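Each structure below is given as structure tokens.
In what comes next, chain A is part of two complexes: it sits with chain B in the first one and with chain C in the second one.
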Partner chain A sequence: MKTSAYLKKGKEKDLIDALDTKARLQGHVIVPCLDGDTVTFKPAEPGCTPCFSRPAVSPPKGVIYPQSETLFSFKFKKDPEDARRTLIDLNDAIEAPDTIIFGARPCDARGIAIIDRAFSQTDTPDPYYLARREKTTIITLTCPEPSTGCFCTRVGCGPAEKSDSDVMMTEIEDGYLFEALTDKGQAILKNPVLEDGTAHEARAKEVQGAAHERMVKEVGETDTRPVDPELFHSQAFWEKAAERCLGCGACTYLCPTCYCFNITDEQVVDKGERIRSWDACMFHHFTLEASGHNPRAAKALRLKNRIGHKFVYYGEKYDGIIACSGCGRCIRGCPVSMEISSIVAALKEGTKT
Partner chain B sequence: MNIEKLKEIVRTVLPSVDVVIGYKKGLDALHPVPCFVTSPDEIDALVLNPACTHNLAAYLPSLKKKTAVVVKGCESRTVVQLVQEGLIKRENVVVIGVPCQGVLSARKVLNAINHQPVVEAAFENDAVIVKTRKAETRLALNDVASDKCLTCQYPTPVLSDHLAGEQVESKVDEQAAYQDIRQFDAQSLEERRAYWLKEFDRCIRCYACRNACPMCVCRESCIAETRDPHWMSQKATLNEKMMFHMIHAIHLAGRCTECGECERACPMGIPVAKLKKKINMEMKELFGYEPGISIDDKPPMYTFKVEEEKIEEHKIR
Partner chain C sequence: MSDSNSHSSGDRGGSEAPHPQAGTRTYSEVRRGEQRSDNEGIHMKANWSETKNPYLPDLATVIGVIDETPNIKSFRVVLNDEEKMKRFSFEPGQVGQLSIFGVGESTFVINSPPTRMEYLQFSVMKAGEATAALHDLSVGDQIGVRAPLGNWFPYQEMKGRNILFVGGGIGLAPLRTLILFMLDTRKDYGDITIIYGARSHADLCYKEDIEAWGKSNDVELILTVDANSPGPPIREGFVPTVLNEVAPKPDNKVAITCGPPIMIKYVLQNLAQLGFNDEDVITTLEARMKCGIGLCGRCNIGSRFICKDGPVFSLAELKRLKFEI
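Our next item is the complex of A and B:
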């Protein structure tokens, strides 16, 4: 059985085209593409320009967990037998096509693993999420170098982290080495565009090791210290930390691990849909109660929740795991450069920001 | 931009206010961040250079304190407009004006240096020298300035209690202030529609543009999110995204002071300021009004005339 394969540089597009023709035809090979000067994950349609040289602005999480989705649609109609009764036509079919995410970063894959727990390790596993998750193969690219704001090794991820992907793709001098990490990954390696990779395995391992070392040198080792409880519950700490925050949703919507959602019934006359859409804990409406009371009316409290969820509460529920993959997107994408990494470091050190 | 002069002013002003809003070192040399100075020992951390792009006046309506704020030309217009509309009280604000030769577009700089992490940056009069791990690049300020600066008419603040530096004259002829919009408008309707559809397709409805906008004052009652009534669908479709941006732009008709924060804040690089500038151009042609120039002006949308001089269809025969 093949466990590694090789692709020469310049043939990236050939492979993308050849990957699972069935999925390709449905527009479900998702690749980081240049759109103007912004890199986003998009279906690999003809004319798209794949870009692997820098991380995409937004993660590929929307492929499995879309920004908005129709849970079901409904239509009221009169019962032809009995005009006093109303019947409901309900469509709750779940669409889950075969999908390949090509060129994710290890932090993107880690993000999906973090969301997996929330939607599967619960009393009410989520059929919508899980249907798509099962059909998705993740091909991850080893990060060649840290970008501004990256801090993955500090939260237990890393530029060559393999545990959350199906295939690891590592750029070496003239090409890429592909390693299968799961059965789904094995299937990818059978693609005829790929050559045998045995001769390049050692070099790829070196590149991965160097990438990891470089990141550790730049941002540090995994920080396992717990947050200082007194500081974590200090109102003054959060007010100072949130001072410049504008309260928008850029951080949450660019985050590969944020999974909070809202549900809205949208009905016009006799038909409508139940929609699930991403929520954002930095929005005022996030915990606005029907009574009009809002337990997190101030942005300081909302920031505490955002960081608390990732670095305290999630771990309490799932074996101490940190719900942040250190991708740095919230930092790079924030209009006022809020740095979650420094806020967490301050909480762990017990110092003020 | 004279940082020493600014620090001196802040030292004088600080005892008479609760907070001074300025800039300090941030994520990297391209990204200084807003800072809130409340004690004299914080003054030395202040920075001032062409990377200081945020419109700090955006914080004024929500701060219920006596505040001194550092503003460049366009941002001083924001203060004026906020006072005009009664959103802040003039006596609660001390305006520290900074004459400005233009600010950087971090996006343009990053494009010019292949998105390499910035290690250091040095600023000269008309250039910025950016150092990355691999190279040092000298970029002409004009090539990497924010779009708004290329047609700026008000480089010196229109309102200030203190001025940190010498007055700067606009380098752009008044007639050319909207040349970029006229050029864009020269395209066919189909071309412009295709342009906007492509741009708005990237929108993630994070509302960074709205929240960074100093004139977006609906806050928690924004039409994009209200549930009761439920005006807009929560679907992330192109139609909904487009609708939100149109509402945002129309709400700013005759109010936008062209600080460009909406566009700078957008993590997806959507040129949303262009829409607002287009509407401002129309407002100027129709009503001869420019937002944020004089405190005593009234925005045209705040007034009513039975017969408008330049709007034909309103003339009842």
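Our next item is the complex of A and C:
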């Protein structure tokens, strides 16, 4: 049984082309592609130029938890026994193709792991998520260098973190070492494009260690201090912290761990669908009730909820785990440069910002 | 969902609040405690093929529509699947999602008691899109039902105790479930007092019930309306004020309240002044909800979801959650 394999540089596309052919032809091999100046996760199609040198603008969470998906379809029909009545047919067929995410970052994989708990460790698990999750293999790249805004090691993740992936892929001088971390990962390593990796394992380990050290040097070790309870419930703290926020919700859409959603119906003539779409707790109308009452009417309360969910509430349910992978996308994508990392640091420090 | 509703009636699920600032642990420490199942997903503790779809409603038929007030209607529904309807069980205080396909879903308490299972009754105040569509329903129409959802009133722990209900407007709906349940199991409880108010005579819900309770020796009913309401002479005044005038003693009593947020706020304050313990004051909350299963992120109070861990909370629990009405 292979636990590691090697690929020479320049052969990345050969490997991607040789990954599960059926999945690839159907657009279910997802890679970071160069898209003008930016990098985005897209199906590995002929137009895609894979790019592994910097993190994608948005995480690949939509592969498993799509931005919009049909929960079920409904169709109205006349009751054959009573012409005045209408009957309804419901259809909730769930489709989940085999999918490979190639070239995720450890923070991307961590994001998926965080959503995994919410959607599966409950007495009413989400079948749509489970279906796609079971069929997805995650091949993660050791981060070659920190990007601006990254703070993964502060929240218990890291540039070479292996806990949440099926395969770890580490760039070494002339190639990449692939390590299988799960059964799904073993299957990937059987690919004939890959050579034996044993000779390169030691070097990959060094690269991983160095990447981790570098990140720790840059942003520090995991901060396990709890948030200051008094400050966390202080209205003044949140008002100050939210002052700049525009409420645009970009942070939630770029976040690998955000999973709030909306459910809406769409109908054309006699048939329609119930659709689930990503939503954002930073929006005023997210909690607005029909009566006009809004329990989170103030921006400060919405920011408290968003940060509270990631750094306090999620951990209360799931063993103290932080629901943030430190990818820094909310910082890079924020039009007014709000910094979740410094807000959280202030909360842990117990100092007023 | 109905067939998986096998909880014991005394334990109403996790409404105990953990300390909000439990120290965090490093990720690898936590991971060691998690089972790693390679063929599913690394952190998954459920299997797709064994998972029931919690979003798929049961189809149901409206068998009765009652005009309660100018903007509130009650709907009596039965599930189309006869076997499912027979097996359907729930606890007083649990809620359900009603679907109008093509419009959407909204959450309502099941306000008929589990002791009367000919139908499930939901009362709907016309307030938005889904409720307006519900108001257009007539007998024979098809709707979707996802129920039961959420926790329930701790009625087992209320056995042998005196009960005080304080309701306002449509807030009588969840109380009605428990009142009728207690009347159907009357010997289990001590004195039952109901204080109920609405804006005007026309806005009082469940008029038939009110008439019956007024005549019954099983309950003491105190009705009130806001000032200048045309109708037969009854008390005038807001519910929290009337509560203070009636001044029930907290002797072995549990108070259960529901109504508009502003009413609940003052009722909770006044109950505290009357000497009620926080543990003996129970309310049932509402919020904008979508999924009904604690996922979509709308109705949380900290780590607790009103749809799943609620809607029933004691005042003590709400204080631990730092929830302010």
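As a working rule, the second predicted complex is superposed on the first by the 347 of 353 C-alpha atoms of A that agree within 3 Å, B and C clash if a C-alpha of one lies under 4 Å from a C-alpha of the other, contacts with A are read in each partner's own complex, and residues count from 1 in each chain.
Definition applied: a contact is a pair of C-beta atoms (placed from the backbone, for glycine too) under 8 Å apart; a residue touches a chain by one contact, two chains touch by 3 or more.
Since the model is a prediction, treat every value here as computed from it, not as a measurement.
Considered on the superposed chain A, chain B and chain C are sterically compatible, since they fit side by side.
Judged by the touch definition given at the top, the superposed model places A:His293 against chain C, while chain B stays out of reach. In the superposition on chain A, A:Thr148 makes contact with chain B only, while chain C stays out of contact range. Counting the residues of chain A touched by each of chain B and chain C gives the higher count for C. Applying the stated contact rule after C-alpha superposition, one finds that A:Glu339 touches chain B and leaves chain C untouched.
When the shared chain is aligned, chain C comes close enough to touch A:Thr182, but chain B does not. When the two structures are aligned on the shared chain, A:Gly10 is found in touch with neither chain B nor chain C.
In the superposition on chain A, A:Thr264 contacts both chain B and chain C. Touch criterion met: A:Val227 reaches chain C, while chain B stays clear of it.
Applying the stated contact rule after C-alpha superposition, one finds that A:Pro80 touches neither chain B nor chain C. Once you line the two complexes up on chain A, you'll see the smallest CA to CA distance from chain B to chain C is 6 Å. Applying the stated touch rule to the two superposed structures, the overlap between the chain B and chain C interfaces on chain A comprises residues 262, 264, 266. The residues of chain A lying in touch with chain C in their complex are 71-72, 74, 76, 82, 84-88, 90, 92, 94, 96, 112-113, 116-122, 124-127, 130-131, 133-134, 136, 156-157, 161, 163-166, 182-184, 222, 224-229, 232-233, 259-267, 272, 274, 276, 279, 281, 286-291, 293, 295, 305, 308-309, 312-322.
Looking at the complex, you find that chain C touches chain A at residues 18, 20-28, 30-31, 33, 36, 38-48, 51-57, 59, 101-105, 127-128, 131, 140-142, 144, 261, 286-288, 290-291, 293-300, 302-303, 322. Within the complex formed with chain B, the residues of chain A that make contact are 35-38, 40, 53-54, 57-58, 66-68, 146-149, 243-244, 246-250, 252-254, 262, 264, 266, 275, 277, 280, 283-285, 331-337, 339.
Only residues 26-28, 31, 33-36, 54, 58-59, 107, 111, 114-115, 117-118, 198-199, 201-202, 204-208, 210-212, 219-220, 225, 227, 230, 233-237, 261, 264-265, 267-269 of chain B touch chain A when the two sit together in their complex.
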